[in-house]
Every structure is written in C-alpha cells, then in structure tokens.
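Multiple structures follow.
Next come two complexes, and both contain subunit A; in the first it sits with subunit B, in the second with subunit C.
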Partner chain A sequence: MARFLVRRTLSAVALLFAVSVVVFGIFEIIPSYNPARAIAGRNANAATVQEVAHKFGLDKPVYAQYANTMKLIFSGEIIDYQNDLNVVDQFRQRFPATLSLVIPAAILWMLAAIVLGSISALKAGKFADRALMVLAILGVSIPIFLLAAVLLYLLAFKTTIFPNTGYVAIGDSPSQWAYHLILPWFCIAVLSVGFYSRVLRSNLLDMVNQDFVRTARAKGLSQRKVFRRHVLRNSLMPIITMFGLDFATLIGGAALVTEAVFNIPGIGQYEAQAIGNLDVPPILVGAMFTGFFVVLFGAVADIVYALLDPRVRLTG
Partner chain B sequence: MAVDPVITPGAAQRAEVIPAEAEARDYTPAIGPWKLALRRLRRNRVAMVFAGIFLAIVVVCVLAPVYAKHVAHIAPNQDNVTGTIKVGGHVKDVVSPQGLPIGPIWQSHYFFGADQEGRDVAVRLLYGGRTSLEIGLLATAIIIIFGTLFGLLAGYLRGPVDAVLRPLMELIWSFPPVILGVAVGTALALGGIGPIKGNSLLIPAFIIGVIYIPYLGKPIRGEVLRLREQDFVEAARAQGMGPWRIMISEILPNAASTIIVFVPMMLAYAILLEAYLSFLGAGVQAPNASWGTLLSDGIQIIDTTPHLALIPGAMLVLCVLSINVVGDGVRDALDPRAQVRIKT
Partner chain C sequence: MAERLLDVTELEVSFQTEDGLVRAVDDVSFTLDRGEVLAIVGESGSGKSVTVMTLMGLTRSPNSRFGGSAKLSDTELTTASEQELQRIRGKEIAMIFQDPISSLSPVHRIGDQIVEQIRAHEKISKPAALDRAVELMERVGIPRARDRVRAYPHEFSGGMRQRAMIAMALSLSPSVLIADEPTTALDVTIQAQILEEVKQLRGGDSGVLFVTHDLGVVADIADRVIVMYGGRVVEQGTLDEIFYDPQHPYTWGLLGSITRMDRDPPKRLPAIPGVPPSLVNPPEGCHFRPRCPHAFERCGEVPPLQGRIPEAPEHLDRCWLDLSEKREKREVNGRIGLVRDTVVA
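Let's turn to the complex of A and B:
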C-alpha cells in the first residue's frame, strides 16, 4: 500500500509537469499568439504592447517565463491577464459551485446506471432493454448544451416549473440550491446513464456464465444473493475505472458547457472565459487542476477495485 | 457451411484452412468473413433505415446550392430585413418591425422561416450541413490515417518509436477533448497557421482530427502488439519480409475490422465536437455557417425565436444519431462482442 501511494505520487508529479509544459508549449508554438498584445487590447500601439510584455515578464526567454509562472502558481500569487484577479482565489471561490453541480449528478447517474443496467441485463431483449438502448444512443448523439437549452426553454420559460438558470449557494438555502440545480444535474446524468448502463449490461451478461457464478448457485445461495454478491460485484469493475476518469475531468472543469448554459459560477465557467480570451494562467492552472484529479481518482478507482476483487494487487 | 456467428473476420480468415479433399467432396463454397459481416449488416433493418436517413441528409446537403438557386431563390448569406412574403394570400414581413423573424411557413421560400437578418433558415441549414459534414469527414480521414499509422508503427516497431508515440498519444488522450479543442481552436482562429487563414474550415477539421487520433491509435497499437506475436507474422519474418511489408500486408488486414468499427464512431464524434467548439466560439468562424454555429446562435435567443435553435438542433441530432445507429450495426456485424468507448 505504501509503495503504491509513493509510486502514484511520483507519477502524479511527472504528469503535472508534462501537462504544464505542454500547455505552456502550445501557446509558445502558436505563431499568431502574442499574449502581450492580447492583454494590451486590439488597438494598442507597439510601445504599449512592449510595456505590457515587460510588466508580465513576457520579454524573457521561454524557460524563465515557465519557471516564473510555476513559482507564482505554487506560491498562490498567479494573476490572470484579463481581469487582474488571483487565479488560485478564483478557483477556491468557484470550486463549491462545481462540486455542487458534479457530485450529486455523478451519484445520480451511477445509481441510475446500476439499476437500469441490471434491469436491462435481467430482461435482455425485452422492452426495457430496448428502451435503454435507445437512451444510450441518444445520450451519445445530443450535445449537452442543446438538451440544456431545450429543457430550459420548456421547463423554465414556457412553463415556470424550474428557475431560469442561476445558482444559490448551499449555505444560503439548501432547498433553493437543489431547486436551481435539478435541471443541470439531470442534463449531466441523463447523457451518461445510457452509456454506463449499456457497459454494465454487457459485463453482467458476460459474467452470468462464469464458473464461480455456477458454484455460488450450486452451494445453494438465493438468486438475489448470487446476483448481488457475485455477478453485480464483479461486473462493476470496468465501470468504476470509467467513472473515476469521468468524475475527475468533470470536477476539473469539463462541465464548462453545462456551467455556461445554466450560468453556474463554477471553475468551468471561469476556464471557458479564460480560454475565450486566451488568458494563459487560468488555462494552465485549470489543466493542472484536472490532471491532479485524474491521477487522484485513478488511484482511488484502483483502491476500490482492489477492495472489490481480492485477487488484484495494488502496484504501479 | 456453419460458421460461428461471433467470430471476427480477422480470426475467421486465420481459421479458414480448407482441407484439400474438401473441394472434391462437393461442399457448398465457404462464405468469406467480410461477406458474412456485410450480410449480417444488411439483415439489420434498423441500421439500414438509419443508413438511408444519413445518406438522404448527405445528398440534400450536397445539393444545397441547387436548392438555394432553384427553390428558395436566395443565397445563404443574403439578408432581407425589409422584405415581405405571401403566406396563404396574406402579405407578411420576413422580419417584423420588432425584429422578430418569421417562423417556419412550409413553402418554397422560407420553408423553415427566417433569422433576424431575414436570411432563409432552410438554405442556411443545408449549407451549414455541408460545412459540418465536410469538417467531420476531413477530421475522420485524419484520425483514420494517422491513428492507424501511429498504432502500426508503435505496436510493430516498439522501442524508440513506441517510446515517442505512446506518451504523445497518452498526453492528448488525458485532456478532455472539448477543453483541448477550445484552447487550440481559439488560438488558431486568431491568426491561422502559415498560409491557412484563421476562418478556414481546415482549422477545426485539423484540430478535431488531431484530438481524436489517440482514440484510434491506442486500440490499434494494442491490437498490433497482440498480432505481431502470432505465428503467421513469425512465418512472414522467417520468409525474410521487411517490417513495412509485414505491417501492410500481414498485420493491417487483420486489424481492419477494428479500424472499420471506428469510422462511423469517429465521424459522429467529429461532428459533435465541431458543434461544441462552435458553441464555445472556437470552431467554425464567420462568415461560414455550420450546424454548430447555427445552433449556438439560435440558443442565445431560444426564448423569442425557438425555431432558430430547434431546427439546426434536430438536424444535427438526427444526423449524429443515424451515424451512431449505423455504427452500432457495423460493430455488431463485424464483432458482436466488441466494446468500444469514447469520452466527449
């Protein structure tokens, strides 16, 4: 276990280094991109651009710029180019909103996927199974912003069942918090449920014919126990790995489209603005933030995996 | 001749050793694995219906200029704010004095209504479809060519080639596609690359292609790693075949079914990613229109003019949906037990 943690920590450091170098590199390679000009504005003259470049240290060599940026990030003093805001503070302030959006949505889609996947495996070929198949294909065919916009139009504008976008912190009013987030949760969850339950279904169907399932039945366990303890438990493995990665990228800001449509002030929204303005510091911090969660939840998924399956040893 | 229905074409090819006396015994000729897969696909009625829908969308979009010239009599970017149109004997404004465009009227002019500038939505929808499909096909071509090439080289040559290609693909793969695409797309849209202008359609196509290369390259590499240890590759090596010839004539045909499964899937993902990028302002740039830009323009004003969002939205979803259904059919036909997954 200790060895596992040490190795993962080392690979996390390596990945974060690689990600930061690449993101930094992308903006260096792109010929048309001049951050000083972007900060100074479209109509700035050459002298102003040069002044700005000097102020932000952009006239130094690339490696010096990189080292300086990293120093600022880890001391928490990094400032974005566009609004002169402290990037780390922004992430800290906005993180609760992203967590409020992503965690309940993830719980919702995982539970729904387990229930629906089990139903469609038990009733393979019947109506419920086919309906789920349709949901799964629709889920990978609809852009989330379209689903969100149509739901908002129908349920928040035509009829005023739900509030038309916005966000209330859970500390201010838990009921208003949930009321404002029901539609975003639903949007994120419904598009993933189909796919997850399809994968679970095919794992379940593969598992039913395994020897250990027959053994479990032969020793007299009830069908329910066989399904829950042996079939379902072993079928959850691949889903858990998928879930870890998806959850990590969503927490790291991949929910930016949902946050944009529903006007939720999370880190995704901040990143989206930063990307639109080619504001390198928030993009860099965002990418490293995502990378950190990808490694973290990858490790968590492996630990859960080992708990579920005693044959798995934690290595690497 | 009984053939195990779950066998993959590649495996079937390898297993297809017919004893010499078989012909003499008057057997019915064996059906090749590809023909068998094609037959399974053709029997899948749902997949065939959706293949028809997709082809219809492609044909209609290709014919966009014909529709614009001979049916709608208006160019895609031609505005008509002050114009009027006869609907059922009444003369109506194309765009009302309050700035609200006319909705769908189901006749040759303004079939799907107009947008705020009085442009014909149906004409723009078809031209937008051309753009989306062009970008999708171009990106898919990039993915298939380079994904296959990288997978083959990394998997077969291993060593230093693999040491370069694998981390490269892992790195691209570890970014969420939308975030990576928007970052690069915004940067390139500002000034283009070299001779290519910032608003060229080649830029989104190129970005989408590059982002999805690892999604094909990684599984192909795994497949090649498995294949290169097989006896028939060993035999080819013993005969003195060079690495290129082995890769192309021994390994590639056996990896072909995996590649084919990815073609429709990558096309669907490319068209969707274009919509996401355009929604975030990093995809297709004005004056070009695509389903993504039409949709994102429409969504901003969905409360007052829902048809501007719903019509391109329905078209996009129908197109991507039919590609996905056909893709599912192709996968079932080639390898009923395969599982492939991609994130957006």
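Let's turn to the complex of A and C:
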C-alpha cells in the first residue's frame, strides 16, 4: 500500500510536469498568440506592448517564462491576463459550484446506468432492451449543448417548470440549489448513462454464462440473489475504472459546456472564457488541476477495485 | 430393496439453435437408489452433462424443450416451478462441477459461499452456518479449516477448491449428489483423493450420479454404469456386466481404447474410427451405425434399450446383434475391442 501511494505520487508529479510543458508549449507555437498585446489592450501602441511584455517577463526566453509561470502558480500568485484576477483564488471560489454540478450528476448516472444496464441484460433481445439501446445511442450522440438548449427552451422558457439558468449555493438554500441544478445534472448524466449502461449490459451478459453463476443457481439461491450477489457484483469492476477517470475530468472542469449553457459559475465556465481569450494562466492551471484529479481518482478507482476483487493487488 | 431416489423415464431434451433443433438427450431412462454410485459414461457431446443438469433445471431456457419424465420421489423435475426447483437445488440435489477454478465466485470468501447455500435453505444465523462450513471443510479434508473459511478461491489450489465445492454440495446432506466430471481438471494424485471423498458416500444416505469419460474412474467408484452415445443410453448394467460382458460395440470401443499395463504396448493407441454424430441431423436408426464396423441392414431401425441376456435381465443395451455374435465379434487380439490394433512385433 505504501509503495502504491509513493509510486502514484511520483507519477502524479511526472504527469503534472508533462501536462504543464505541453500546454505551455502549445501556446508558443500558436502563430497569432501575443499575450502582451492582449494585456495591453486593443488600442495600445507598439511601445506600450513592449513595456507590458517586459513587465510580465514575456520578452524572456521560453524556459525562463515557463519557470516563472510555475513559480507563480505554486506560490498562488498567478494572475490571468484578461481580468487581472488571481487564478488560484478563482479556482477556489468556483470549485464548490463545479462539485455541486458533478457529484450529484455522477451519482445519478451511475445509479441509472446500473438500473438500465441490468434491465437491458435481463431482457436481452426483447423490446425493452432494444428501446434502451436506441436511447443509449441517442444519449451518447446528442451534443450536450443541443440537449441543454432544447431542455432550457422547453422546460424553462416555454413552460417555467425549471428556472432559466443560474446557480444558488447550497449554503444559501439547499432546495433552490437542487432546483437550479436538476437540468444540468440531467444533461451530464445522459451523456454517460448511455455509454455506461451499454458497457454494463455486455459485462452482465458475459457473466451470466460463467460457471460460478451456474454454481450459484445450483445452490438454490433465488434468481434475484444470483443476479445481485454473483452476476452484478462481478460485472461492476470494469465500470469503476471508467468512472474514476470520467469523474476526475469532470471535476477538473470538463463540464465546461454545461456550465457555460446553464450559467453556472464553476471552473468550466472560467476555463471556457479563458480558452476563448487565449488566456494562458487559467488554461494551464486548469490542465494541471484536471491532471491532478485524474491521477487521484485513478488511484482511488484502483483501491476500490482491489477492495471489490480480492485477486487484484495494488502495484504502481 | 434400497429406496428409489430418482426415476428418469424416456427423458428428452432438445435445444432450438440457429442450425436447427439439437436433440441433446433422446429417450434416456435410468433410476438411482439410495447409497449407490451410478456412473454415466460417454464422450463429449453424448448428452451426459445435459442429462444431469436437466435434473436440476439448469438447462431451462427459452430455447429448450423437454419430454418424458424425471422424478425425484414424487416431484416431476421437468415441469417443476422455479420455486420448487429453488427448494430442491442444493438441498435435495446438489452438484459438483467439472472446473473448480471457474465454478466458485472469485470475489466471495470460500466460507461465505458455503454459508450462502446453507442459509438459502435453512433459517440459521451466520455464525452458526459458518461453524457448519468449518466442520464440512474439515470433513472433506481441508486442513486448518477454521482459518481457511476466510480465504478466497484464488488462494486455494485446484484440489482444495474441489474439496470446498464438495463441502458446499454436502452442506445440506442432499439425497442426490451429482458430480459432473469432478476430477477432469485435476492432476492424478488429487483426483485419487477427491474420488476417495466421493467413495465415502457409498452405502450412505445419498445416491451419487457420477458423470465422466474416464473408465478408470468408473472402475474405481461405480456400482452401476450407463453408457451414453449421441444423446441416447446405449448400454446399462452393473460395473462387472459393463466391464466383463459389454454388449454394445461402442462400449467395446471405449474399453478397447484403454491401454493396459499388463500387455505388450500397441503401436498405435486403438481409437474408435470416425467422429461423433451431429445431433442436429443424426444418422437414422442406431446413432453409432456410421462408425460401427459390425453394422448391418437392421441398424437403420432404432434398437430399443432392453435386456437381451436371459440370465441378466437388468443388463440393457441397444444393439441388434445376437448375443453370440456380440460375444464373438468383441474379441480383438485376445481382449475386448472394436477394431484391430497393431501390436508391436
């Protein structure tokens, strides 16, 4: 276990370094990219741009700029170019909104995927299975901005069942918090439910023909117990790894389309603005933030996997 | 006479597949009494596993059809409801499977898997059931059972896993124990130990149905033998009758393909020529006819399974040849066989 944690920590450091270098490097090779001009403003003359570049250290060599940026990030003093705001503070303030969006959505999609995947497998080849298959493909293939826009149009604009975008902190009013987030939760969940339920369905169908399932039936267990304790229990493993990674990227800000459409002041919304403006510091911090969670939840998924399957040992 | 446990009459099992109707079991009849070991012998695809799994309702599916009857005392197994079957499975009829590696759930502790079976049929607390599991594991020769109930299947060797399966199967003292090739996946020394466990049941309260293709194992443990071929019973009798006075050419072939330690080694191992019949489109008449060197016109008609030896009316077979012809034709190189083998000069 200790060895596992050490190795994962080292790989996290290596990954964050690689991510930061790649993201930083991308901006160096974008032809029209000139942060000094962006900071100086639309009407600045050449002298002002020069002055700004000098002030922000943008006239130094690339590796010096990289080192300086990293220093600012880890000391928490990094400022975005667009709004002059402290990036780390922004992430800190916006994180609760992103968690409010992602955690319940993740619970929703996991539960729905288990229920729908199970129904599909139990009714394999029958109408319910085929209908769920069509829905799953729709869920996976509908762009989230389209789904979000259609839902808002029908349920928040044409009828006023749900509020038309916005966010209320859970501390201010839990009921309003949930009320404002139901549609965004649904949008995020739909995307994953389709995929997860199909994967679970095929795992379940593979598992049903396993010898130990026949043993379970031969013991005289009820069909429900056979399914829950033996078939389902052994089918959940592959999904857990998938879940760890998907959950990590969403927490790291990958829900940016949903946050943008529903006007939720989370990390994704901030990053969407930053990407639109080629604002390097938030993009860089966002990428590293996501990388950190990918490693963290990858490790968590592996630990959960090892707890569920005694044959698995934790090795780096 | 010993108490009758199982009475199977003209059992038929067929499966609808993409290639057509597979008649996996076709007119199979036998009985099993308390305390006896009945071996079912045959090659792969002869219908022996399907026959025994049908007794537990494990072959039920939307594509399977059943005919005839299989009775456990008064319960008709082919038509029993799912609830009745759940009560019978594990309690009245228990089963040990071929591959102990894949037949135990990889994510549950051995002890818990035994407890699960006990608690499926009896109202008993978990600790009490676990104590029973420990006793059972000790009984089948698992050392340090108290510690090892907490082990997972992957921490057991193949032989230990099969012992655990036996402990599980015996946990509710079933009247019928079905062993479906329980030693096939094990090496020979472990095989002997496992057979020893099964032999302990002989003469006891249970009847054992032992499915195998290994005649050496049969000779070791069986009281009576059923030989199956192409979904049908081709011969049935006591161990001695089958080994010393076999009536069906397929049985001769099986016996002839055993190598003997007390004879000169043959140049080639004698084998039965040809391949097992397709069960979708079986040969007309006797299923063994295409591979049988002794076939004649009458074999196009299905021979009934009946006693054809006046002095041994319980010894049944499905072959049209006369008794005297059989006794003459089965002699090959001074022993029982189907085809002439070449002896090393």
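Just so it is clear, the second predicted complex is superposed on the first by the 315 of 316 C-alpha atoms of A that agree within 3 Å, B and C clash if a C-alpha of one lies under 4 Å from a C-alpha of the other, contacts with A are read in each partner's own complex, and residues count from 1 in each chain.
Criterion: a residue touches a chain if its C-beta (ideal position, glycine included) is under 8 Å from a C-beta of that chain, and two chains touch if they have at least 3 such contacts.
Quantities reported herein were computed from a predicted structural model and do not represent experimental measurements.
Colleague: Identify the partner contact of A:234: answer first if only subunit B is touched, second if only subunit C is, both if each is, neither if none is.
Modeller: A:234 sits against subunit C, while subunit B stays out of touch.
Colleague: Should A:195 be classified as contacting the first partner (subunit B), the second (subunit C), both, or neither?
Modeller: first
Colleague: Per the contact definition in the header, classify A:60: touching subunit B only (first), subunit C only (second), both, or neither.
Modeller: Neither partner.
Colleague: Taking the superposition on A as described, I'd like to know which of subunit B and subunit C A:18 touches: first, second, both or neither.
Modeller: A:18 contacts subunit B only, not subunit C.
Colleague: Touching A:216, do we find subunit B (first), subunit C (second), both, or neither?
Modeller: A:216 contacts subunit C only, not subunit B.
Colleague: Who wins on subunit A residues touched, subunit B or subunit C?
Modeller: More residues of subunit A are touched by B.
Colleague: Report the residues of subunit B in contact with subunit A in the complex, numbered from low to high.
Modeller: It comes out as residues 167, 171, 174-176, 178-179, 182-184, 186-188, 190-194, 198, 268, 272, 275-276, 279-282, 295-296, 299, 302-303, 306, 309-310, 313, 316-317, 320-321, 324-325, 328, 339, 341, 343-344.
Colleague: Over in the complex, which subunit A residues touch subunit B? Could you list them?
Modeller: 15, 18-19, 22-23, 26-27, 30-33, 137-138, 140-143, 145-146, 149-150, 152-153, 157, 195, 199, 202, 242, 245-246, 249, 252-254, 256-257, 260-261, 271-272, 275-276, 278, 283, 286-287, 290-291, 294
Colleague: What part of subunit C is in contact with subunit A in the complex they form?
Modeller: 56, 58, 82, 85-91, 94-95, 97, 99, 102-108, 116-117, 120-121, 152, 154, 165, 168
Colleague: For subunit A, which residues are in contact with subunit C within the complex?
Modeller: Residue positions touching the partner: 210-212, 214-223, 225, 229-230, 233-234, 308-311.
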